[in-house]
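Consider the two complexes below, in which chain A is the common component and chain B and chain C are the respective partners.
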Partner chain A sequence: MSRTSALLRVVLAYTLLLACTLVFIAPVLFMIIGSLKPDALVLAEAGSLRAFLPDTFSLDNYRAVFERVPFGAYLLSSLIVNGLIVGLGLLVNAFAGYALARLRWWGRGAMLGLVLAVLVIPFEAIAIPLFYQLSWLGWRDDWLVQAIPFVANPLAIFLFYSFFLGLPRELEEAARVDGAGVLSTFFLIVLPNAKAAFASVAIVLFLFHWGMYLWPLLMTTSEGVRPLPLGIANFYTLPPLQWGDIMAFGVLMVLPVLILFVVFQRWFVRGVASTGVKG
Partner chain B sequence: MADVEFKGVRKAFGDHIVIPGLDLTVQDAELLVLLGPSGCGKSTLLRLLAGLEQPTDGEIRIHGRPVDGLGPRARNIAMVFQNYALYPHLTVRGNLEFPLRMRGMPRAGRERGMLEAARALGLEPLLEKRPAELSGGQRQRVAMGRAIVREPDVFLMDEPLSNLDARLRVQIRAEIGALQRRLAVTTLYVTHDQVEAMTLGDRVAVMRDGVIQQLGRPAELYDRPANLFVAGFLGNPPMNLLEPTFERRDGERMVRLGGTWARPSAGIPERVRYVGIRPEAFSISASGNSGGARQDRLEIQGLVDSVEVLGHERIVYLRVPEPVVELSDGPGPWRSAEGLLAARLTGSPVRKHGESVTLTAPAAGMHWFDEDGNAIPTDVR
Partner chain C sequence: MIRRSRFTEAPAAWLLMAPGLVGLMLFLLLPFALAVVLSFTNLRMASPLPLEFVGLANYTLAFQETALPRALLNNLLFALVVVPAQTALGLALAVLLDRPLRGRTVFRTLFFLPVVFPLSLIAVVWVLIFAPGPDGLLNAALGVLSLGLWEPRDFLNDPSWALPAVMLTSIWQGVGFQMIVLLAGLQAIPRQLYEAAAIDGAGRWRQFLHVTLPGLRNPLIFVVIVTTILSFRVFDQVRIMTRGGPQDASNTVIHEMVRTAFDQGHVAMGAAMSVVFFVVILGIALAQRRLLRQRGEVS
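On to the complex of A and B.
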């Protein structure tokens, strides 16, 4: 009796979990399968189960993505902009987090409060003032202007700050006694022991900015510097409207994020666990 | 030759004064132990010397050179931390080489220095391992190796044995002593463990609330404690402390100690406020033989409370009818506790709980302290 009820409970639990999983994964599946279907069928079958059970596959949509828009250029722009944000962001935010966590300086408490306060300001609220500011400087329409405003990131600073607080202070003191200065202590001792924090901040920065739309739309006009989200938007204004192409573009756009996450998943989980920040 | 000097060194963190003003001279090649309970400022003193903290006031000299304002790297000192602070991402080799790398030593010299230190501590088979793969004792040795590798002017050790189990602690303690004598490097060693202090130190400084209570050779501290704090801190079980009561009866001066009247007063002058007797100064006999005290010895009667058998010796706790004095952690140096005296005995028959016995101590085994807890020299007897 108790064995049957235990079994029943397991079956029920898994059914529920499976249902939840399906709800969340359905749009992704719809996109992937839609990208492999002839364009006409994408919307036609959308309301039925056939949306997930296609009988014909083709890569025509992918070919169309490359033929109809300069996908390579969009991808290159996205990679460069995000590479700059992640690369410079890791350095700048790690420095800031370390200074807040370890160095003694006047106004440190106030600065920490400011960083936390800035966390709650949505980017959309400052997009227009920032746009005017940079336009006034005459700085527009290149890769750097899409990246530099996002290098310093309060969440990243806070992640680093809380991680560095948890590192044993004796390690740094030992390094100082052994003759290391502040910078060599940071690069030779702190940094190698903070891989998890660096990985999770890298992923957070990448995820935040890979899908960025508003800022590049405001700041760029040339196709050569525009990133992927503006590219996919292009399809909506490019007749005829081909949903299959849009699905294929979407898959190609999501792929780098998935790869990054799978490669760094171990670090990401550890980083989130050790910084005590839940995603 | 004086190697390390603290002159009027004061350290406060905000309003909290850790070291109110301290003078201390450490001789060349000496191993000086800073001993005291936690929070007594001994680690702060070490950190001041290392340059990890700067004094609020006063001067510190190493080799006669003032080091105020200099960071740790300019002081050529090496430190062994309580939790070893080995760099987890580096192998043993990397850990040992790190101080040499920071000095900008070329690769060949680094390799030679690293191997020398590794050989001295038996670390050669472990060179490619990371700290996480090492046992506690091995980690401790690597920490020692990292300290000796660059031939520092001064070694600082902050409770280096406290994370080891008892057996290993004894072994590594001996190794540290031997290594220090061989290298003849001035060493400051911080511990709260009196056995470490007594066995390792050329001299021991007993500290309390940032003040050195007594500085001297281990035997000196044990045999002639300068005050109640030192008397109570060294020795296990600690020194028995009793408050004598003086009275005149029939024209004769009498003293009452632990509830036993003595006549005449065992030679104790009346300004003595506390009488201390080490547990090993006592011998024991069945009650009823005599009682009280004579000029050359002291007798206290009581009931056996409990007996701890430690193999070659036993600790007998004797219940006496009056409270005894015990050191306190609070603001006052001492407080009254229940009337239990400890006697460390060898060879005498096992005593039973409740048995009535007499503890006898020679007058020479007494320590006298005045009202403020300072020792009164016993040569005034």
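On to the complex of A and C.
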């Protein structure tokens, strides 16, 4: 290959990449810049370059978000619900994955079959009966009802199961020969060696549930327990429509995810890819 | 190995399995069984009528009198457009980034960004992008690109544009996922294969056809299946952007199910739609198994 054609290739690749970047980044920039503009101008200037190069900046919209809706309450609900799902989910699903991958017991095959079978049931197919089931129990409109049904997760169990299968057995066997029980082996030997699996599953669980919209829409009525996705949907239908405020809400809503994403980027990519490679 | 451990491990195993098992039973299997049972009853929200079994009535009525057939068709169209478009774009981005370019991590991060955004937020931002009139962002951009030939329209309230608008939003949001999975797949293809092909005189394009694509077989099947299933699960965007309108032009199965069961209180009919939806998903999942089995690659 000649030098000029190699150079041409690189230039072409960068041109394509930059064009794509524009497409991916424009809506995000539009949101961020819209959040800093007076409400009326967000829509009025959307058609001109002023949408991306505003002449005035202010944080008024951010103040309005806190004054017009209970943003803090939405954020708190989202954090608590997701904290419960990820925290409890890691424990419960890692336990199950370990029992399935490593222990020899009667019923193991049947349990593994069960996990693989329910992997196919999409949440949307059970949303209505689950809503009824829990309403009959009088259980609705709190944080727990948004979290507990999602703690046991067949995909997470399966990811842990595959990870533990691939872990070398020697360490565990040494511990067991030294007289350690199953549980202490799990906590003292297996856990410290499974950080990668825990990080991947934590991110997958978090990504699946941070944007959850259908379930809280069905189960909650009080603003005090509603999460951010419902908050922005409500805000968006709350007259008068103030686009600047809505964009500010959006920025605040995505900020925690962005911070996590930037800090743990490697794990995000690995977590998402692991669902794909093993799925 | 140690024979006696078979007996000592069983109690610990059940103890570890128990919380997950209870959760799966209570919150997945039981409601699923309930969906099937409810779909044969006349259950309505706040109805004075006694509960009774009505056989297949909900299924026939769902197909005859609700927007379910239209919704299924829309989901199918959605899958037919979004799956190939998103996979092709994801593959193109992955191939572009699978080379030693300066700044590729930055590009990868940017393209993946929309995947971590909540769909409800993306839907709201895109409502604004699709805003009607010459001042709408997309209308204005198309006006500039077409040198003023583009006639501004109200995308989300136009029966022929509402569904494509939802599709475009979904492709923009999801393509980064495809890219990441395919990129991981690309990096697993041994470099020697490319070198061997090059020695045999294969050009870039032939290398792509005969080395890259076969090497990506499983990741490609995986992303196609996942995207197809997601195409039938579309709800958030539709609820926020169009509410299924205008005239059901962008209605989807899940949206129709929620509208029937909750907005109209017809729980049993909604349950019947859940069962129909599950059968569709099951069909896709079984097709996936078939495809993967053909080469005996499923573990």
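Rule of thumb we're sticking to: the second predicted complex is superposed on the first by the 260 of 279 C-alpha atoms of A that agree within 3 Å, B and C clash if a C-alpha of one lies under 4 Å from a C-alpha of the other, contacts with A are read in each partner's own complex, and residues count from 1 in each chain.
Just so it is clear, contacts are C-beta pairs under 8 Å (C-beta built on N, C-alpha and C of every residue); 3 or more make two chains touch, one makes a residue touch a chain.
Treat the numbers as computed from the prediction; the structure is a model and nothing was measured.
Of the two partner chains placed by the overlay, only chain B lies in contact with A:192; chain C stays clear of it. Of the two partner chains placed by superposition, only chain B is touched by A:178; chain C is not.
Of the two partner chains, neither chain B nor chain C is touched by A:80.
In the superposed pair of complexes, A:120 makes contact with chain C only, with no contact to chain B.
In the superposed pair of complexes, A:170 makes contact with chain B only, with no contact to chain C. Once the two structures are superposed, chain B and chain C can be ranked by residues of chain A touched, with C on top.
When the two complexes are overlaid on their common chain A, residue A:149 makes contact with chain C while staying clear of chain B.
In the overlay built on the shared chain, the residue A:233 is in contact with chain C alone; chain B does not reach it.
Comparing the two interfaces of chain A, the one with chain B and the one with chain C have residues 173, 176, 181 in common. Across the complex, chain B is touched by residues 168, 170-171, 173-181, 184, 188-189, 192-193 of chain A.
Per the touch definition, chain A reaches chain C in the complex via residues 10, 13-14, 16-17, 20-21, 23-25, 27-28, 30-31, 34, 42-48, 51, 91-93, 95-96, 98-100, 103-108, 111, 114-115, 118, 120-122, 124-130, 132-133, 148-152, 154, 157, 173, 176, 181-183, 186, 207, 210-211, 213-214, 218, 228-230, 232-233, 236, 243, 246-247, 250, 253-254, 257-258, 261-262, 265, 268-269, 272-273, 276-277, 279.
Here chain B touches chain A in the complex through residues 50-52, 71-73, 77-79, 81-83, 85-89, 98-99, 102-103, 146, 150, 156, going by the rule given at the top. Interface of chain C with chain A (complex): residues 1-2, 5-6, 8-10, 12-17, 19-24, 26-32, 34-35, 38, 93, 96-97, 99, 101, 107-122, 124-129, 131, 134-137, 139-140, 143, 172, 176-177, 180-181, 183-185, 188, 219, 222-223, 226, 229, 233, 235-236, 239-240, 254, 257-258, 261-262, 267, 270-271, 274-275, 277-278, 281-282, 285.
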